[in-house]
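Below, chain A partners chain B and then partners chain C, in two separate complexes.
Let's look at the complex of A and B:
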């Protein structure tokens, strides 16, 4: 279809979709008048039953723990897809080599400081995810994102450890597989899959939530390494030639 | 009684779709799709909002305090993760398209055959 034809169709289509959305939304309770019941039930029962003061994470890793496992494998499959797509082509192109160093010393110092601080904040977000706002997914994303900053300020040589497939692949499997193993552990002891096995601990402390803490860390690892793998594939394929200078 | 947050969600969705349909660049298209998907975050969080409710985090709060729906917040988290995965895939495909066809304009890819 020509571009003009497509644009001519777009107007009526947007109007139609807008009308449908308006119709659908008009049937919802007004903003702020949530009717429940599930949200209210969870807000009431998760802290007494699971001892996680962050009810969102209690929901994510316990009430709908199986869904979250599926979500981890969506991420896993996407990373696998990107890896296959990018590796199917030739790797590295002449003239696209990234510079080893960027900016002034002051800028690099600021960058390195931010890497340290960012990784710490990410670990803190993940560690206290089930107590205060945060969680494995958020913390993992922050850790991986700040590590990428190392590439910008330190160049390829500083970032090289995070490009190593030999380290990334087993860690990714440990994160995604660890989640499943925690679920299977419950099955092995004669309980339904992903039953919360470990002691529930004291609400509001790091020692709380039982299996939720372990699942939270498995997710943090899976997300961190999934993102690092994505970065590595994009960087190796499109920014840095595969062959290092000393091999060429 | 307010439906404004829902209207915002619908608007973000429509603007994103318009961007996807008119895009001349696959990277721009990926960004527009992310905008479109962001409308679901706004919609989900709006649906679960309780007037005067606190965040569903009870560290230092009385048990049973009025709080918003944690289910939609957990769903939004899933939504964000899926969005990241999808964008990574689209960007990889865009790079592949550029390698094979030398262009990232969706209209320019019409002549490319497997």
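Let's look at the complex of A and C:
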């Protein structure tokens, strides 16, 4: 199509889209004026009914737990797609591993320290997700991200255990499938899918929320391993081992 | 104007940073710099979420825009540049490097 033809198509499309967007924005409630009622209802019922002091997690893993299951499988499907695309391509050559470490010892020390601290913060975010802000997704992504830092400071040999598909794939299935199994457990005992079965515990403690804790850990595992699988595919397919600074 | 009047100064600053950051990401042409600028832009969004009292999305945004996304981008850029360097060394590269990022 010619340049003029494309512009002739773009103009009306932009105008139409702009008009719709302007119309939509004009109809929004004023800034800071939430109309509800969904949020107001949740604010009032989640803590008394589910004992999770982080209402967001009570909502995502219980009130709309089925939606969250769908979201988890979106990530699963995305990683599956990337894996299928990249595995057909050329693999990184394991021969080129010389000089893949960072040059400065201080930088490596800082990196290694950050790996330990980052994993700890990630686990804390996941564990206390339903008590304070955080949750399985945030914690899982942080754990996976800090493990990838190990590749940058320690090189491929230090990161090798996290490249093992034989370990990653079953763990990913355990995380993604675990969510569904918890839902089916309710179904098996004659209740609707994903009904909160376990005892609700004390609000504000780790022993609260019933099934929410289990669902939270299942999604933390699923997110961590999904990202690690993604990183493994990228590292194996795309990354040339890091060269020393004086080599570049 | 009614919207501006309801904003607390801190919220206005956070919105301003986001409005400033978004075009900067788009206008940065070099992919490596763009990945870094995008990370900084992500942090400005995190600030906005915190200021608007939404800690959960702020944490999600922090780990996605600060860790996961840039790392994937950097991995891809490292590969593309490493390939280009290897080709140059082998003397098969064209006189002008391909800037579109395709191999």
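Criterion: the second predicted complex is superposed on the first by the 216 of 248 C-alpha atoms of A that agree within 3 Å, B and C clash if a C-alpha of one lies under 4 Å from a C-alpha of the other, contacts with A are read in each partner's own complex, and residues count from 1 in each chain.
Note that a residue touches a chain if its C-beta (ideal position, glycine included) is under 8 Å from a C-beta of that chain, and two chains touch if they have at least 3 such contacts.
Remember, predicted model here, so these are calculated numbers, not experimental data.
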item: Which superposed partner A:106 touches (first chain B, second chain C, both, neither); value: neither
item: Partner chain(s) touched by A:190 [first = chain B, second = chain C, both, neither]; value: neither
item: Which superposed partner A:144 touches (first chain B, second chain C, both, neither); value: second
item: Partner chain in contact with A:18 - chain B first, chain C second, else both or neither; value: first
item: Partner chain in contact with A:30 - chain B first, chain C second, else both or neither; value: both
item: Partner chain(s) touched by A:125 [first = chain B, second = chain C, both, neither]; value: second
item: Which of chain B and chain C A:5 touches, first, second, both or neither; value: neither
item: Which of chain B and chain C A:135 touches, first, second, both or neither; value: both
item: Which superposed partner A:44 touches (first chain B, second chain C, both, neither); value: first
item: Intersection of the chain A residues that touch chain B with those that touch chain C; value: 30-32, 54, 56, 133, 135, 137-138, 141, 227, 230, 234, 237-238
item: Chain A-facing residues of chain B, complex; value: 1-7, 9-10, 13-14, 17-18, 21-22, 46-53, 55-60, 63-64, 67-74, 77-78, 80-82, 84-86, 88-89, 91-93, 95-96, 99, 107
item: Interfacial residue positions of chain A with respect to chain C in the complex; value: 30-32, 54, 56-57, 125, 133-135, 137-138, 141-142, 144-146, 148, 227, 230-231, 234-235, 237-240, 242
item: Chain A-facing residues of chain C, complex; value: 2-3, 6-7, 55-56, 58-60, 62-64, 67-68, 71-72, 75-76, 78-79, 82-83, 86
item: Contact footprint of chain B on chain A as seen in their complex; value: 3, 6-7, 10, 13-14, 17-18, 21-22, 25-26, 28, 30-34, 36, 38-40, 42-44, 46-48, 53-56, 58-60, 64, 67-68, 71, 74-75, 77-79, 81-82, 85-86, 88-89, 131-133, 135, 137-138, 141, 203-204, 223, 227, 230, 233-234, 237-238
